[in-house]
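Pasting the structures in now, so scroll down.
Two complexes come next, and they have one chain in common, subunit A, joined by subunit B in the first and subunit C in the second.
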Partner chain A sequence: MDSVVAFAVFGVDWEFFKPYIVLGLALGGVYALSGVGIVVLYQATGVLNLAFGAIGAAGALIAYWMINHTSWPHWLAYVTCVAFGGVVNLAYGLFFGPAFAARDPLVKMMGTLGLALILLGLMAWRAPVGGAFARFLPLPSSSHTFTVFGAFVNWTQVIALVFAIALTVVTTAFLRYTNLGTAYRAIANDREITATLGVPVRRVEASAWFGSGLVAGAAGLLLPDLLTSLDYAALTFLVIAALAAALIGRLQSLWVTLLGGLAVGLAQALFAPYASITQYRSAAPFVLAIVALLWLSRRRVVTITRTAR
Partner chain B sequence: MRSTKTIIGVLAASCVLALMVTGWATGAGDKTTATVGSGKASATKSVCGLGTGKKATGRPIKIGGIGMLIPGVDFTTIGKVAKAYFDCVNDNGGIHGRPVQYILYNEQLNPAQQAALARKLVESDKVVGVVGNTSFTECGTNWKYYKAKGFVVIGAGVQAECFGTPSIVEVNMGPRYSNIGAAQALVRAGAKSIVVASPSTIAAYADGGAIKVAQAAGIPGKSVPVTLPVTDANTIVQQLYQAAGPGGGIILDFTPDTAPALMKAAEAQGLIDKVKWGSSTPIANTFMAGQFGKWDGKLYINSEFGLLDPSQGPDTRLMLDVLKKYTKIDPQAFAQMGFMAGKFSTIALLNVKGPVTAKSYNASVRKLKNIKTDMICKPWYVGNALPYHIPNNWDITVDYKGGKVVLKEKCFAIAPVDKEVAQTRVWEKKFKLNTGK
Partner chain C sequence: MSVTPSPGQDTAAAARAALTLDRGTAVRAVAIAAFLAIALFALPTIGADWTTTFTSVAIYSIITLGLGILYGRVGLISLGQVALLVIGVWTATRLNFATGLSFPLVLLLSGLITCAIGVLIGLPAIRLSGLHLALITLMAAGAVNVVLVAINFPNGGGGFTGRTSTPDLSGLQAVRRPSIAEGDTAYYRYVVVVAALVFLVALLHVRSKPGRAWAAIRESEPAALAAGVNVVFYKLWAFALASFMAGVAGALLAAQVGQPTAQSFQTQDSLTLLAVTLIGGIYSLWGAVVAGCFSQLLPFLFQVQWGFNPNFVLILFGAGLLQVLLTAPGGLAQQFPKDMASLGRLAWRGVGKVTGRGGRT
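And now, the complex of A and B:
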C-alpha cells in the first residue's frame, strides 16, 4: 500500500526511494558536520575556509598511502588523517591568521582558496588521476550492515549522521558553557575589544583553527567510504555543499547548519530517481541555500542610511 | 706508521678488486640469462621481433601514438605496453638491426589537441606509422587526416569511426561490440532486462548494440549515460538497479578507473545478487579479480581477448614477461591491446622490403592478414582496401574466481545486430582474411 501511495505522490516506487533516503542522510551528515566546522571557524576568526575539503582530501590520501604502502596499523592511518586536518589548519591559522586578521573577509577567504589550490596541486602531483585503478579508503564500519524497512544501511552511514548531530550538540554546549566558548563568542563580536580585555586572542583563534581542521580530517575520512572511492577532486569540492549548509545557517546557527546539511544531502539523493532532473542534482546546494536565505530574511527591512562624515 | 698505511692501502685495493670481480661475475651471470623475447619462434614460443637477443643499433625508426588521459579514464596503458613491446624488439635485433623509437603523446579529450598531435607525429616527428592510439574521440577527429596521408593506424578503439573508416584498424572490438557480447551472455543467463551504463561521451554509440540484442530477445533494453568522473557511485548504482528491476541485467562499460567504485557501491547496497551483472572487457584483469572476491561466479564479463594466464599460449606468456621486465603495469586487457598493436606493427615493419618509410610501412600494414595470436579468438587482419575494419569480432565470457579471471563461455561470434558485422564476415570468407591460411 505504501508503495502505491509513494508511486502516486512521487512517481517512483517506494522500494527504490528508500535507499536514496539512507544515502542522502549519510552524505547530508558529512555536509552538516563540515558546515558546523566552517561556521565555528568563521565565528571565531572571521575566515570562511574554502580549503576545508582539500584538507580532508589530503588527509585521506595520506591515510590511503599508509594503508596500502606500509605495514602500519589501519587505525594509525585513520588517526593521521584526522590529525593532519587539525595540524594543517592550525599551521595555516598560526602563520596567516595574524596577517589576515585586520583584512577584509573577502581577502581572508581568498587566502584559504590559495591553500586549497596548493593542496590540490600537491595531490595532483603525488597522486595523479589515472594510473589505471581506482583508490579506495574503506572503513571497517562499512562492512557491517543491517536493514531498515528493507533499505541497506552500513555503520559508516550511521556514524556520519550521528557524528554530525553529536558535533552540533557538543559544540553548542561548548560555546555556551565553557570559558573558551565564551571567548569565541566575544571575538566574534569584536576582536579588538576582546583582546584589550586580556583574552589571549591568538591562542583562542588557534584552538578554533585546530578544532575545525580536525572536523575537516574526519569528513575526509568518512566521505571516501560513503562515496565508495577516494577521488580527491570530489572531496575537495565537498566544501561547496558544506558552504551551502553554512550559508543556510547564515554562518551563525549551528542547528540550522545541521538541518541545512541534511537537507542538501537529501535533496541531492532524492532527485536521483527522476531522469529528467537527475543531471541537475549538483545544483541542489546552491538552490537550497538561495531559497533558505530568501525565506530566512523575508521579514527583514532593508534600510539605507547615509553616514555623516 | 708507514706499515699501517700500507695495510690500509692493501685492504682498500682488495675491496675494490673484490667489487670488480663480483661485478664481473654478476655480469657473467646475467649473460647466461636469456633476454626476454629472444630465441626461435615456434608454435609454443613467441619472440619479440627477430628474437636475436642482440641490441639494435643505428638510426631509429619512428613510430608514434596518441593516448587519452582524463579523470576517470587512463588509456595511456595501451601505448605504454606497445612501447614495452618495441623495447623488447629493440633488445632482440630491432627491425633488421634498427631500433624502433616509439613516441607516445597524451591528450585530454580535446579535438584540437588530438588534431595537433596527429600532425605533430606525422609532419614534425616524421613517424612512419601510428600505433597504439586509444581515445574516446581521436578516431573521429583524425581518420580523414590519416587517410589523406596514407596512414593506417593500428590501435585500440572506442568510438564508431574506429571501426567504420578505412584508415584505422583496431586490435580490439570496442565498447559497442563488447557490450553486445555481454548482453548476449546476460540474455543466455536469463536476464529479464538489459541496462547498459557507459560514459556519457560514448553512450550513444556504445550502448545501442546491446539494446538491439535485448529487443531481439523480447526484453526491455535501456541506456544510462554516466558523466565522468563518477563522484556518487551509490546513486548511480541505485539508478541502474531501478532501471533494470529485480532479475534484470546491468552491463557496466567502464575502465578499471571507474568500474570499481560502482562495484563497491553495489556491494555496499546489497545489490550483487538482485540483478545479473555484465561488463565490457576492461575489468577482465587479475588485479580487480583479487579485490572483488564477493563477485566470484556472479559476473558476465565480455572479454575481447584470451585469459591472462600463461597457459593461454605463447603470446600471452611473452606479454607477461614483457610487462614484468619493461613496465610496472599489471596484466590486464589494456596490456593485451598494447602488446598486439606493438606485435602487429612489428610484423608489418619486418615485412617491408627496402627502406622503411611511411609509404612502405603503411603498404605493408594493408597487406596484413591471418595473423595468429592466442590473445583473440580468430586470426587478425587488416585487409587491403576495405572501407572499414572489425577484425576482432569473436569473444569469450569470463568471471572472477579466487582472485583470478576464469573462463565462463568459450569463443562465440558477436551477434550481427549491426549490418557492418554481417558484412565483415562476408569479406572474411571472400578474401580469406582470418581463415588461418
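And now, the complex of A and C:
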C-alpha cells in the first residue's frame, strides 16, 4: 500500500480520502464519456464540438422544467434530456455539417461556437439565475447508496463511471468490427475518397452527430446531480474538462481519453480537502492539458492543414 | 505626398500623377481623420452614459484588434482573450496600488507583463497546431477565471494579491486615471488616442516584415517554412502582440471602472469576443472598431436604451458568427460597403428606368 504511505506524508490518512476518490471517479467518468463523445465526432467529421456542454445543459434545463412544472412522469424528463442532445446535435450536423465539410478544422470548431452562443443566450434568457436561487435535478439512483471498502457510493456515481468505461469499450468495438465503424474510420482518413467509394458520407456523419449528441445529453443529465446543483454556465464549461481529456488522448485515442478524463476528475476531487489549494482545483483540466501538450510537442511537428477558409 | 515643384510644364502633370497615385491613401487618411474627429469631439456630446459606453467600445476594439490580427493575418484563434484582459486589469490595479508610477508607464508595463504570460501560455500549443492553441487558450480562460474568483482584484491591501478583507471604505480607493484625464469625457478622449496609437502599431506590423511572414504562414505553413520563415517565432510574435493589446486594454479598463470586480468577467465573454471579432471583420483593421461597437454598444442599446433582455444579444452573436463563417468571411467591415455599393447600383438603375437616363452603371 504505497498510497497509504504517500498520503500519510501529508498528514492525511487513507480513510479520509475515500469519499473524494469516489466523487473524483464519478466526475471523471462524466468528463471521460464527454471526451469520448467529442473525440468520436472529431474523428468522423473533423468537428471539435464546443457546444457539447451547452447542449447537455439545455437538455438538463428542459428536464428540470418537465419535472417541476408538469405532472409528466420523471422518466420521460430524463429520456427527453438525452434525446434533446441527440436531436439538437443532429439538426446542427444536418444543417451546417455539409456547409462546413470542406473547411479548416478551426472554422468547423468556430461554427459550433455559434451554436454554443445561441444555446447560452436562450438559456440565460429563458432560465435566468440570480440571488440564492438554485435548481436541482436529482436522479432516483442517487438515493440508493451502498458501501465499497468502507466508502459510501450511490448508484449515480456508479452509473457515471460504468457508463464511461462501457462507452469506451463499445465505441472501440463498434469502430473496429462494424461496417458503420469502418466507414467512420474511412471518413476520418479522407472524406472525398470515402464518398467516391460509395459510402453515404452524409448519412454516416449524421449518425455520428446523433450519437455524440446523445452522449452530450447523458452527460448533462448526470453532471448536475454529481455537482449537487444545475448551473447551466458550469455545465456549458464542462466542455473544458472534456476537451482536456480529449487533448490528453491526442484527439485520437479513446482509451487515453478515458484515462485522461478520470485523471482530471480525480485531480479536481483530491485537491478538495486541502484548504490552501481547494479554490484552485477547478484549474486541474488546464494544468493537465498543458502537461499533455508539453509532452506531445517534445518533437517539432509541421502541421499541414487545408487552407480553405 | 511631397511633390517638389520642378520647373517647366510637366509640374502640373507630375502633381496630378502623384495625386492619382495616392488617391487611395488620401481617401483613407481623410476617412481616418474624419472618424477620429467625430470620435473625439462629436460623440462625447451625446450624453454621459453614452460617453462611458464609447470608452468601453474603444477599449474593447483594442482587444478585438489583437484577435482579428491573430485570426485574419496568421490564422490562429484564441478562445481566452478575456483571460489575458483580466491579467492586464489585475496587473494594472496591482501596480497602481503598489507604486506611484505614471499612467502611461502602468499602461506599458501591464501590456508587457500580460504579453509575457500570454507567451508562456501559448508557447507549448503554438508548436503543435492552431486547433491546439484554441483549446489551450480556452482552458487558460477557465483556469484564470478560477484563480480570479479565488484571489479577486487588489483593493489596496498588502502582499502579492494586494487584497484586504477590510478595505478602507472611507477613502474608497480607485485605480488612478492619468492626471490630464480625470473626468469621464477627458478619459474617453485619452482612451481614443491610446487606441489610435495601438491601431498604428498594428498597421506598422501588418505593412512590414512580420505582416508578410504572417501572410506566408496563413497561406501555407510548409511553404513558409521552406521559404525560410521562422514559423513558430512569427506565430508567437502575433500571439504576443495580441496579448500585449489585451494587457493595454486591461489597464485602460481598470482605470475606467476604478474598482474592478471578479464578477464582471465571465469565461463566456471570451467566446462572445471572438464572435464579434469575426462579425466585425478580421481582414480589415476597421473590423476591430465594428467589433468593439458590437461587443459594447449593442448590449447598451438593447438593454439600456430599448429595454430588451441583454441575453438576446448572445443569440444574435451566435447566429451572426455562423452567418459570417458561411457567407461573409470578411465580416461587416468588408460586407457592408460591398452591399451598400450593390444597393447604390440597384437604386441608380431604378432611377434610370424611371427617368430614362443614367441607366448605365
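Worth a mention:
We adopt the following convention: the second predicted complex is superposed on the first by the 282 of 309 C-alpha atoms of A that agree within 3 Å, B and C clash if a C-alpha of one lies under 4 Å from a C-alpha of the other, contacts with A are read in each partner's own complex, and residues count from 1 in each chain.
Note that in this section a contact is a pair of C-beta atoms (placed from the backbone, for glycine too) under 8 Å apart; a residue touches a chain by one contact, two chains touch by 3 or more.
Fair warning: this is a prediction, and the values are worked out from it, not measured in the lab.
Contacts of A:W72 after superposition: neither subunit B nor subunit C is touched. Judged by the touch definition given at the top, the superposed model places A:A233 against both subunit B and subunit C. By the touch criterion defined above, A:A289 reaches subunit C but does not reach subunit B. Within the superposed three-chain model, A:A269 lies in touch with subunit B and out of touch with subunit C [touch as defined at top]. Applying the stated contact rule after C-alpha superposition, one finds that A:F146 touches neither subunit B nor subunit C.
Counting the residues of subunit A that each partner touches, subunit B and subunit C differ, and the larger count belongs to C. By the touch criterion stated above, A:Q279 is placed in contact with subunit B and with subunit C alike.
In the superposed model, A:L122 lies in contact with subunit C only, and not with subunit B.
Contacts of A:A134 after superposition: subunit B is touched, whereas subunit C is not reached. Residues 233, 279 of subunit A lie at the contact with subunit B in one complex and at the contact with subunit C in the other. On subunit B, the positions that touch subunit A within their shared complex are 69-74, 76-77, 227, 229-235, 238-239, 241-242, 255-262, 264-265, 268-270, 287-288, 329-330, 332, 334.
Subunit C contributes residues 75, 77, 79, 124-125, 127-132, 134-136, 138-140, 142-143, 146-147, 149-150, 218-222, 225, 232, 266-268, 271-272, 274-275, 278, 309, 311-322, 325-326, 329 to its touches with subunit A in the complex. By the touch rule above, subunit A contacts subunit B in their complex via residues 12-13, 16, 19-20, 23, 129-134, 136, 138, 142, 145, 152, 154, 226-229, 231, 233-234, 268-269, 272-273, 278-279, 281.
Note for the complex: subunit A touches subunit C at residues 48, 50, 96, 99-100, 103-107, 109-111, 113-122, 124-125, 128, 233, 236-237, 240, 243-244, 247, 251, 279-280, 282-283, 285-287, 289-290, 293-294, 296-297, 300-305, 307, 309.
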